[in-house]
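Heads up, the next two complexes both have chain A, just with different partners, chain B and then chain C.
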Partner chain A sequence: MVKVTVDGIVVDVPNGSSALQACEAAGKEIPRFCFHERLSVAGNCRMCLVQVVRAPKPVASCGFPVAEGMEILTDTEIVRKARRAVMEFLLINHPLDCPICDQGGECDLQDQAFGYGADHSRYQEAKRAVKDKYLGPLVKTVMTRCIQCTRCIRFATEIAGVPELGAVSRGENMEVTNYVEKALTSELSGNLIDICPVGALTSKPYAFTARPWELKRTDSIDVSDAVGTNISLQVRGSAVLRAVPRVNDAVNEEWLADKGRFSVDGLKHRRLDRPWVRVHGKLQAVSWQDAFVAIGRRLDGVPGDRIGAIAGDLCDAESMLALKDLMVALGSPNIDCRQDGADYDLSQRAYYTFGTTIAGIEDADALLVVGSIPRQEAPVLNARIRKRFLAAGRGGFPIGLIGTPTADPTYSADVLGEGPDVLAALRDGTHPFAATLKAAKKPMIIVGHGALTRPDARAILASAWALAVETGAIGAGWNGFNVLHRAASRVAGLDLGLVPGKGGRSAAGMMSGGVDVLWLLGADEFHTAQIGPKTFVIYQGHHGDAAAARADVILPGAAYAEKSGTYVNTEGRVQRSFRAVMPPGDAREDWRILRAFSEVVGHTLPYDTVEVLRERLATVNPVFRVIGGLDAVDAAALPGPSDGGAVLPAPFRPVFDDYYQTDPICRASPTMGECSRIYVHPRTVAAE
Partner chain B sequence: MANLGTRIYTRFKGRLVGKDADGRCYYEARTANRTGGGLTRHERWVIYHKGEDASVVPPEWWGWLHHVDEAPLPESARQPWQIPYPGNRTGTVDAYHPPGSDYRGGRRAASTSDYEAWVPEG
Partner chain C sequence: MSAHSPIDQIEQPDSFAFDAESEEQIAAILAKYPPERKASGTLPLLYVVQKQMGRQTGSAWVPRVAMDEIARRLEVAPIRVYEVATFYLMFNTKPIGRYHLQVCTTTSCWLRGSDDVVAACKKATGISGFGQSSADGLFTLTEVECLGACANAPILQVDDDFYEDLDGPRTIELIEALRRGERPAPGPTIDRVGSAPAGGRKTLADSPADQG
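So, the complex of A and B:
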């Protein structure tokens, strides 16, 4: 530790800290543009100038290391004059278009010009103008506004791992550009919008829509993947206009994947806003009462084991528990939250969660990914892997992939093979990567759904666990066994036991004629042709996707922005979101629908308020009592998942082909549709 | 048209001050008979045409009638670009209905809060 004096306040800061960090520790706010806590230091905006006693000139505090006994002055006439001069230089070439700029109201330059700007300009000459760049369908550029802080270049290179942005020319003529005109190929490109301190990079779908002071902010959880990214939904009237990340160092730091950020416009399209009942083969809009009566009539006389329910990927824990309680009340053991056919060992929570934790990735020193493409299944988690990869230095964090990577993982990784035979080779030591894993002190293994959606999922899971035990990935004080989920609802569903009971049928069994009445709670990720023609289908959900078109009764539910819900991310971290807007039309919160229906069939569920329901959640599984935290699990004491038999030789398949079209919300979203056209199917566009 | 009581009252107490462009008669009491605004002053009133409400008093006379001005604005103060004052049109066929009003077809302009509802195909 180093003792530093900032404006007479003595603070202790770690060795190697910058003067800016020392000032922050002393509670002094230093204006800055180019400096960002999670990026490397560039030191090119010069806004953070401070005075160091006995230094001849003001110094840029972001890049100036502290020394023992250093005295820093942040509020002297010299500092103020220097910052005013820097601000005047920045404003020379910055256009005065704040009234038409989307950054207006949340612009660092605006805010800091308030403190250090002059009341008039001395500049008489012509201003610089820069041609706008094309960065794809998500990021809009107005490059004349750029103050060349290079945050975007550093973000793309360091965090996103796509070195596609750079600068050409120098001095006043410097331009941030992507060299070749093409869309940024990153699933994290939306964060450029947050990171840009001025209005040079703004959101294309949100352009000219609203001002920040018009928006009501509601804390929520992103459901587009299983990372559980903390987001803030920004609402005007009854429309969610944008989603921006909240800082949570344990989960997402301050990043948000593009699907979570830009799929919110899907909340305005193809919405189910009234109940429908199929009469003589045609769906007709009806009242809630009529819809309930229609279901009640159909259920009359159907034995419990001919009724089934499947929960989808975006459901909150409350509605899934209500669905399970309803099925139990109806005497049905047929319930499933695994519409993709995945299989897990549910005897211990450590067998189906991300045991290392996302923040724990930064302690790992070797990584094996089995049947997963983290870049697409969990872009924010992938950024954490890349962060670890960069921090470890060359060769410090060896990464092996088993599967068929469809995209550059953004870090250098060895593709060890395509199928589960590599796991066996790693276990008996014949594969060279086995030695790497063994040599590592804290290796981690990620098992993805490319492996777990196969018929031999249990066997792969057991063999991955055995490998983890053999290589020391599971040991005292370290749990390196991870299951990477891709559905936001999955871990909560498994925690609540939404799996077939004794003699019950799984999702596939229910669809292929195993039940007469099938209740789909937002379940949409399968071909509706799989459902038998005689099956009576009830679709409860928020978007009219394929399953709604197949349904005999449609009950309009609420999307994640329209209800307060509990979600469990892939780590097993329980998080809660709040309601940002009301559901459209006659749509209602999903647990309320199930509660209301239970009364119609005479099995009234014992909860009238969400508080009582949450109390029941905690009774069913005590993990729901702790919101936001995680309990450490001693994985070494566990016996390991049960072996499920033989391993099939087939190679691992990617979980999905199109990152931008994975759930009903993003399939309804025009922005996601355009991303899919540009990023995933560029050939077809070129051919037209 | 005023009722009988008002007509008798006007006949005995009132003094005709003038008429507006539409011919409504404006009266003032001959004696200072009312207190208002902290002083005793002449009562002022108007006799409308049949079926009119209080909003028809034109701006020239409104100030005088409410004791704001000592005299009504002269007709000569009227500018050529001023349209005749019609009174309150609410409830008549000339009433203003904003865009999106049910009286104008009920189709309002699109807003960011609109959503597109799903309807089954076919």
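So, the complex of A and C:
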């Protein structure tokens, strides 16, 4: 630790800290543009100048290391004058277009000009103008506003791992660009908008929509993947205008994947806003009462084991528990939250969660990924892997992949093979990567749904666990066994036991006439043609997607922004979101729909308020009692998942082909549709 | 205003491959750097590209495909090569004439008459301004900063050669010679050796060496 005095306040900061960090430790706010806590230090904006006693001139505090006994002054006339001069230079070429700039109201330059800007400009010459660049369908550029802090270049290179941005030319002619007219190929590109301190990079879909001070902010959880990214939904009137990340160092740091950020416009398209009942083959709008009566009539006389329910990928824990309770009340063991056909060993939570934790990735020193493409299935988690990869230095974090990667993983990784045979080779030591895993002190293994949605999922899971035990990935104080989920609802569903009961049918078993009445709670990710033609389908959900088209009764539910819900991320972390807007039209919160219906069929569910329901959640599984935290699990004491028989030789397949079209919300989103056309199907765009 | 035109406004070749001569140079260059630091070879490789383009097409410039090829060779992102190539004015990111006339207009040359050199260049080639090429495609005129030959100001660099102590008429003469396909010997264009005084030695006239 080093003792530093900042404006007379003595603070202790770690060796190697910068003067800026010392100032922050002393509670002094230092203006900055180029400096960002999670990026490398560039030191090119010069806004963070402070005075160091006995230094001949002001120093840029972001890149100035502290020394024992250093005295820093942050608010002297010299400092103020220096910062004013820096600000004057920055404003020389910055346009005065704040009234038409989307950054207005949340602009670092605007805010700091308030403190250090002059009341008029002394600059008489022509201002620089820079041609706007094309960065794809998500990020809008107004490059004349760029102050060349290079944050975006560093973000793309360091965090996103797509070194596509750079600064070309020099001096006054310097431009931040990708040089070639090509969309940024990152699932994290939306974060450029957040880190840009000015209005050079703004959101294309959100352009000219609202001012930040008009927006009501509601804390929520991103449901587009299973990372559980903490987001803030920003609302004006009844519309969710944008989603931005909240800081949570344990989960998403301050990043948000593009699908979570930009699919919010899907919340106002293709919505189910009233109940429908199919009469003579055609859907007719009806009242809630009539819809319930229609279902009740159909259920009349149907035995419990002919009724089934499937919960989708976006469901909150509350509605899933209500669905399960309803099924139990109806005498049905047929319930499943795994519409993709995945299989897990549910005897221990450690067998189906991300045991290392997302923050724990930073402690790992070797990684094996089995049947997963983290870059697409969990972009924010992938950024953490890359962070660890960069921090470990050359060769410090060897990464092996088993599967068929469809995109650059953003870190150097060896593709060990395509199928489960590599797992066997790693276990018997014939594969050279086995030695790497064994040599590592804290190796981790990630098993993805490319492996777990296969018929041999149990066998692969058991094999991966055994490998983890053999290589020391599971030991005292370290759990290196991870299941990477991709559905936001999945872990909660498993925690609540939304799997077939004794003699019950799985999601696949409910297809092809396996049940007579099928209740789909937002379940769309399977081929609806598989449902038997005589099966009576109730679709409870928020978007008119594939399953709603097949439904006999449609019950309009609430999307994640329209309800307060509990979600469990892939780590097993329980998190809660709040209601940002009301559901459209007659749509209702999902657990309330199930509660109301239960009364119609005479099996009234025992909760009238969400508080009572949440009490029941905690009763069913105590993990729901702790919000936000995670309990450490001693994985070494566990026997391991039960072996499920033979392993099939087929190679692991990617879980999905199109990152931008994986759930009903993003399929309804025009922005995600455009991304899909540009990034995933570029040939059809070229052909048009 | 930009020194480098947007990439999409330049007609780019579809492909680029190093020829045998370049490959030989590259092998020599990359031998200087440890393999994990071979990104340091960016600058010399850009020169290799530019020379090869000069040999092959008569226009010594660096097309984008060549920068991509360098990036591939050096295992860096293409943008890292674009950054370097556009930062240094010695690299031409758009096609130029066969002869690259680089006239220094910094203080020393300017005081010694670089304005005349510029005017002569324009007159002899028909070029109207800096950064442009002549209609016959032979010449490109560029304004450069100090070339470090102030003792021989004013100076005109043609490709890699310095022509020194110029004035208007001698500049025109030089350009006419180039047009004829000749390459006059580089160096001072007046009666002096290197940076020694014009008209022979002015001091140490009675030095023992001369007497002997």
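Note that in this section the second predicted complex is superposed on the first by the 688 of 688 C-alpha atoms of A that agree within 3 Å, B and C clash if a C-alpha of one lies under 4 Å from a C-alpha of the other, contacts with A are read in each partner's own complex, and residues count from 1 in each chain.
To be clear about the criterion, contacts are C-beta pairs under 8 Å (C-beta built on N, C-alpha and C of every residue); 3 or more make two chains touch, one makes a residue touch a chain.
As the structure is a prediction and not an experimental result, all values here were calculated from the model.
Asks: After lining both complexes up on chain A, report clash or fit for chain B versus chain C.
Replies: fit
Asks: Going by the contact rule set out at the top, does A:N178 touch chain B (first), chain C (second), both, or neither?
Replies: second
Asks: Of the partners chain B and chain C, which touch A:A167 in the superposed model: first, second, both, neither?
Replies: second
Asks: After superposition on the shared chain, which partner residues are touched by A:P584: those of chain B (first), chain C (second), both, or neither?
Replies: In the superposition, A:P584 contacts chain B only.
Asks: Quick check on the superposed pair: does A:R270 touch chain B, chain C, both, or neither? Answer first, second, both or neither.
Replies: first
Asks: Taking the C-alpha centre of chain A as the vertex, compute the angle to the C-alpha centres of chain B and chain C, in steps of 10 degrees.
Replies: 100
Asks: Return first, second, both or neither, reflecting whether A:A129 touches chain B, chain C, both chains, or no partner chain.
Replies: In the superposed model, A:A129 contacts chain C only, not chain B.
Asks: Considering only the touch criterion stated at the top, classify A:R394 as touching first (chain B), second (chain C), both, or neither.
Replies: second
Asks: Minimum CA distance, chain B versus chain C, superposed model, integer angstrom?
Replies: Minimum over all C-alpha pairs: 37 Å.
Asks: Could you list which residues of chain A make contact with chain B in one structure and with chain C in the other?
Replies: On chain A, no residue contacts both chain B in one structure and chain C in the other.
Asks: Show me the residue ranges of chain A that touch chain C in the complex, using the header's touch definition.
Replies: Answer in residue numbers: 128-131, 157, 163-170, 172-173, 175, 178-181, 394.
Asks: For chain B, which residues count as touching chain A in their complex?
Replies: For this pair, the touching residues of chain B are 111-122.
Asks: Residues of chain C touching chain A in their complex?
Replies: Listed in rising order, the residues of chain C that touch chain A are 1-4, 6-8, 36, 64, 76-80, 82-83, 86-87.
Asks: Using the touch rule from the top, collect the residues of chain A that touch chain B in their complex.
Replies: 209-210, 236-239, 241, 267-274, 276, 282-283, 543-544, 548-549, 584-585
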